[in-house]
Structures are given as structure tokens and as C-alpha cells.
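One chain, subunit A, links the two complexes that follow: it is found with subunit B in the first and with subunit C in the second.
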Partner chain A sequence: MAEVDDAFGFDEPIQPAAYLGPTSLDDALALLAEHGDEAKVLAGGQSLLVFLRQGLLAPSHLIGLRGIAELRRLEATPDGGLTVGAMVTQHTLETSPLVQARFPALADAAAVIASPPVRRQGTLGGNLCHADPTGDPPAALIALGADVEIARAGGSRRLPVEDLFRDYMDPAIEADELLVAIHVPPPAPRSGVAYLKYRLRGVDTALVGVGFGATLAEDGATCADVRIGLVGAGTTPLRATEAEAVLRGAPLTDERLAAAARAAAHECAPLSDTEASEWYRREMVEVFVRRAAQVALRRIDGGNAA
Partner chain B sequence: MNQRMKLTVNGKDRRVTARPDAYLIDVLRDDLALTGTKYACGMGECGACTVLLDGEPVFSCLTLAIETQGRAITTIEGLTRDGVQDPLQQAFADRGGVQCGFCTPGMILSARALLDEQPHPTEAEVRRALSGNLCRCTGYAKIVESVLTAAEE
Partner chain C sequence: MRLEQEFQVAVPADRVWAFLLDVPTMAACIPGASNVTQTGDNSYDAVVKTKIGPVTANFGCKIVVLDLNEATHSGAVEVSGRDGRIGGGVKARMDMTMTEAAGETSVRIVTDVDVLGKIGQYGHGMIAKRADAMFDDFVACARARLT
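And now, the complex of A and B:
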């Protein structure tokens, strides 16, 4: 094919990237060990292929993960948790009866990503590795207490999902590593989790997004545990630990929730951009922490808080 | 370092030689002269480039051709069989769902994927299925009406 500049001024890289399509995880890790620095992993391509087309990246090799069946696993674990292979698509998560029934916050976060064609190809692993501070799944997964599993040839490690986000679009994954799976723990008794996204138009990215997960003590009113994930509220997705501290061990009254929402708005560090100012994003963090809490508490079976 | 690829487009095997990192949209339009698939934003925002891959709507501007080998690609040209249009094409023409026509191939393919999965969708389901396809002309009302009309038939 001729190398032509397209009408919109994007140049394809002069040097074509070679395409490698491993069919097993071991082969993929071996290829990464060999080409790591120069290569890019290609998952659903819904972020990477934009960057390539715009000439922002020019890898020597693209290592496509489509052919690796083990990365497409979506299954309940024996203890009632969930394992999501890195290549499970956002569409699969949104439509999975298992995810909808047991982990609705994750189904909800997948369902509000971009548009149907993006979700058909875009994967959960690709979304996390893109590490966009306005991505939806990170906030839901922080609230769900998920871990990510990262492998390299000869070993693997796990870390809490909030620790994956090192800096703006900079995940804590080295060039020879692959995100393999996302592990969601079983829902605790008397717990509920919700993800709410705030945006102005139907297919926009989040101005802010809030994941809220709460577990009630046996009295059905005291907060035994809580996790709050924020997106659109800093240079990375983040966990609102100060807001959590306001709630943990306390009765989940409207006043407490309002105080926690204020703490979240205070501790986050939103950016100002053409979509919204820092001030506005903080205001919306406060509003949406309260709203997400309400939805999460309604999802708790047998709870009578708030 | 061009590479030979075999793509299955509208039911026919097509052989092309292209860069390994060639995008599906460029191969369809430039190598196979299937210009019904439109190119506008090149970044997943507009839906003009929508095609079906094994029946699923995808953006051909965000798909590598090499990864579509072995899968069935359907473009707008593939919806007309032996000169007979798909009911969606007819409904768009009859109901004024087309103005300039630039968004139409993508709209119709997204709608086709919806009707294949859900033959009698609600208006809300139609709007959701078409949410990745932008139209600067119609204001969407006639498009949604066209899809609902085709679904009734």
C-alpha cells in the first residue's frame, strides 16, 4: 500500500511495525523479553491505534494478544470472586449475566465506555494499561477491591489496582511485562458497590466518575469497610483514602456521607482543561460521591443504613 | 516488508499485499476500492468507518487488517445482494434517513448488527446502538424512524 498522507494530516510511521501474533501466554512473554523496549502490546487497539495513526508512537513490533485464549477467561472463582482475563472485552463485561448479577458496578462501568463499536474491541486490560485518568473501569475496580496480576517470563506479581496508576498514562508495568488478569474478591456479606459517571454528552469521557463500595457491620448501620475510587479527579485514577477514613467505623448517616464527600473533593487534585475547571470537577466529585454512596447502599441486602 | 493477507470481505476471499500495520479502512478503500466505508475522524469518535466483523460493529479506522484474517468482514457494499437492498437501506431511502449520506453506511451497519441480535428493538435500544455514529445533517429523528420502520418489516 502506498504511503500517503491522509487528508487530516496524520502520517503513518515511515517504518512499518512488524506484527507478531503469539497464541500462548508463554510465547507472548518470550517475545516481550526479546523485543520489550521497542515493541508495543496490542490488545483491542482502541487507544493504541489512535496513537499509532497520529504518529505519536512508532514501535518496531506490535505484539497482538487476540490469539491467546487464556487471556479471554471470564469466570467465577470457587470462593465467589471473579477472574477477568486481560483480553475480555468491555462488551463482554457489560453483557455478562454473571458480572451483571454479582458485580454490577463493573458491568455499569463497562457499559458507559465510549460507544458500542469501541466496547466490542476494547478490553479491560487495555483500558487499565492505557491508564487514562478519566477511564471508567479503574474507579469501579478500586471500589471492588480488585487486584491486577502482572507477568513476565519466569514470574508474576499482584498489586492492588490503585497501585497500577503511577502517573498520567503511565502504568506500573515494565516493558517486558504483561497484565494478565484482574481479580475481584467475592462480595462480602452486607456489601454494595456502585459506579457513577458524570458527563455532558452520551459518549463523552467522564468529567468525574466515582466508584463507591461499602460493607456494613452486623448491626446493619455501621460502616465496617469502605472503598472509594475517583476518576477525572487527578493525573491518575485514585483512591480517596481520607474520605474513606471519615466513614470507616462510623454510622453511615447522611451527615457522615456528606462529610466524606467533602473530604474526597478536598483530597483529590483535578486538572483544569477545555472540558471543565478544577473547581467544577471538585464540586462534582462531592456530588457524585454522595450519589454513588446512595446507589451502593441500596444494593446492600438487608442493610438499613441511609 | 509488505505482507500478504487473505481477508474475507462480503463473503468473498480477497488477497491483498499491505503493510503489516495497515488499517482495515485503508485496505478496504485503497486496495479493494470499497469506498462505501467512509473515513472522517480516524480516532473512533464518529462511526463513519463502521463495518461488521463476524457480525459485530467495529471501527475500521481502529482495526488492523492483519487481525481480521479468518473473520467475516461486512461492508455496506455487502448488504445489497443481487441488486436487492437490505430492508434498512430501503427504509433509510423511504423515510429520509439520508441527507448528505456520509454517515449512512456506518449507521446502517450499526443498525444491521442491532437488528440481527434484537429484531424488534425499542427506540431507546436503537438510539443506544447508534450512539457511536454521528450525523451532522439529520438530527437523528429520521434515522431512528428508518431503523424502527425496517424492524417492523
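And now, the complex of A and C:
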């Protein structure tokens, strides 16, 4: 037992690290250019502090972002889209009238993360950079067609959120880069997006989570566009492109939706662990793609029923 | 946790056997392995570095080769590795068998692995996935050296 107790290491102190608190984005990027390889960026700390506490990470520097006001902006863009600064908390997203009214799938996802204290501290940017394959926001953001904006000293780039996830907890962000904002495009006419999560206990990460966004053609029945995001279904969040292909250009009948749900269950690659087997997760992907689709389609009429 | 893996390579079993028993050469094909030193007739030390997400582990490993049977081309390897800094380790026994047919050798490796301490929180699904990826890299490297 001695070895096991020792191995969990709960009595060890956190390794000391120099805390750097830039107050502007330019300063933060300069610090990353200087210390990026040995530093970790501290957003809300709800994932990083666990890793530090357990001694899994021992960075020389922590670059804290809470002093940078522009990373907290949450605003509608002139074309009706949404810009979310990386440091906007889950609580802010969950309770924002703007997000609830125009981007309810994002509020859905924020509202089911962990517990209220975690959502008060935890940020959307931090959640994405942690790249946990069972986090909730990635599936909603994939369904919403969001981009992430990644800056480094002297420039920035954007990429679709589904391309952010290289591998398990491994975001496509280099050591001198910072995820600064999430950009959600304006909702298309006749579109609806939803996020549904399946979990065993109230504060769990997703056993399976599905984001489903659909846009109808002018006939009000044909699927003009569709985006399906999955979490808990692989080593990274996934976009279910085969399931989307079943629906795109087709009438959104129950039979089609069932076929798409089966395709999603087939194309994903869930892990087996002590919470659930791969087989069970695939079954739940199928069920929750159908359910998320129903919620998203109800929202197309302008309703907000879940 | 039990892992079963298999690969084929288009050379006779004697060649594969010689390659796998030449531990320093073979270990060059193990992703992240370095500092392989022989410590006894059938024992070796090595360091294996692996990264899962943001966490990098450096396992100091003791390797013992045992139960070798050249006639049947079977054998076993026991590995125990520990990362002192992050606290955690692995213990594994790998049993290897080979069959040769038409000049092609099929190698089957059954591994019983225990993951100890904090590394274990990743869950066996993630660890099995990583082990499979490392095995695929190993096989690609071994094929390149053998053929």
C-alpha cells in the first residue's frame, strides 16, 4: 500500500512556479514568446490546477490571463455572429441573454459543465485548450460552425474548432501561441442548434455529448446544411462527417435521422474505460444524435423548448 | 489490463527472432526508448519517454528477458518502469510467439500490464489506445530494419 499511497501523491505540495500576470494581450504574447516552452497558461484554472496539484505538471512559469480585459469580451458582431473572448466564463455564457436567445446550444453546453463553482471560474478558452475529449463546449461549437482565433506575437490565425484537437488533450496551439477568441457565425435562416449531454452523475464530464445543428432549405423540409459534433466518442472531440452526409440535401425524416445516428455511432471511435465500454458509448451516440436532432429541429421554428 | 497485438513481416522467423533478441537494436524501434544498457545476461535498463496530453513521463525501466525457447521461437519479457517525478509506473509481462508460413513470419504478443499510481487516472481505454499506437510505430520500424 505504501507504494500506492505514495504514487497518488496527495500530500505533496505544488511545485513552485513564477506567476506572471500580463495586463495586455501584447504583453501576454511577449511572455509566451520568451517562456512558452516551460510555461503554462492559466485561464480559470479548473483543469490546470488539478494537474499541478497532482504533480503531473511542473511548469517554471504560470502566465495568468485574468488581468487582460479584452479576453473577457462577449459581444454580438455586426453581422449577427458572436465573439467570445477566451476568458469568458461558463457561468457568463450560461446566463447571458444574448447567448440564450441567439446561440442556445452554447448556453446548453456551458450550463452542464461540472458544478456552479467550477462554471464561475472555468472559461471557454481554457476548456478548449485543455482539449479533454469529454468536455461539453467542443461539440456545441462544432455544431455552431465556430472558429477559434489563435494569436502569437506579430500575428494571428483562425481555424475551425474541429481542427483544434490534434490528439488526446493536445490542442493545435504552439508553445508561443494563445487562443484569444471563439467566433460563432450568425445563425442561418431556418436553422436550429442544440447540445445534449449524457452522464451518470450530476457533475461528471460527458459519457457522450452531441451537438446538432441543421439548416432547412426554403421548402422547410430538405436539409440544406448540417453539422454534428461529438464528445466522449474518441480521443478528441469529433465532427461526424459521415452522419452529416446522410442528411445533407435529404428530407429530414425520422428514418433519415435514425440512419444518420447509426452512421455517427459507426464512424466515431470511443474508448472503453471504467465508466462505459466502447460498445455502450456507440449505442449512446446513436440515441443522443437522434435526441439532439429533435431539439435542434424544434428550435428552427423559433421555439426554445428543450 | 490485457493487450493482444500481432504483426506480420516477410522474412523467416529466425531473422525476426534474432532481431527481437538483440535488445539494443530492437529497442531503437520502441518509440521514446533511450539509454539501453545491459545489466546482466538477460537483463537491461532503459528509459522510455512518453507524452499523453500535456504530461510527459520518463519511465526508468528494468527489463528481463525470460523463458526463451529458440526451437519454438517463443519467449517473454518482463518490464517494470517507474516515473519518480510524477509518481506512477507500469509493470508488464509480454509473451511472444511466432509462426512462419511461406517465408512470412507472424508475431503475436500478449501483454498483461498493470498501470500504477497517477498514470492510471487516464483510464485503460486511453492507455490501450496509446499502446496500440506505439506498437504500430514499432512494427513499422522493425519491418524497415528487417526487409
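Everything below uses one rule, namely that the second predicted complex is superposed on the first by the 287 of 306 C-alpha atoms of A that agree within 3 Å, B and C clash if a C-alpha of one lies under 4 Å from a C-alpha of the other, contacts with A are read in each partner's own complex, and residues count from 1 in each chain.
As a working rule, contacts are C-beta pairs under 8 Å (C-beta built on N, C-alpha and C of every residue); 3 or more make two chains touch, one makes a residue touch a chain.
The shown structure was predicted, so the numbers you read here are calculated from the model rather than taken from an experiment.
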| item | value |
| --- | --- |
| Which partner, subunit B or subunit C, touches more subunit A residues | B |
| First, second, both or neither for A:L49, with subunit B first and subunit C second | first |
| Which of subunit B and subunit C A:T235 touches, first, second, both or neither | second |
| Which of subunit B and subunit C A:T274 touches, first, second, both or neither | second |
| First (subunit B), second (subunit C), both or neither touched by A:Y168 | second |
| Which of subunit B and subunit C A:R120 touches, first, second, both or neither | first |
| Footprint overlap on subunit A, where subunit B in one structure and subunit C in the other make contact | 4, 6-8, 12, 54 |
| Of all residues in subunit A, those that touch subunit C in their complex | 3-4, 6-9, 12, 40, 51, 54-58, 131, 167-170, 235, 270-274, 278 |
| Residue numbers on subunit B that touch subunit A, as the complex places them | 1-3, 17-23, 26-27, 30-31, 39, 41-44, 47, 50, 53, 56-59, 61-64, 66-67, 110, 128-129, 131-133 |
| Complex contacts: residues of subunit A adjacent to subunit B | 1-2, 4, 6-8, 10, 12-13, 16-19, 21, 42, 45-46, 49-50, 52-54, 62, 64, 66, 91, 114-118, 120-121, 202-203 |
| List of subunit C residues in touch with subunit A within their complex | 52-55, 85-89, 116-118, 123-126, 128-129 |
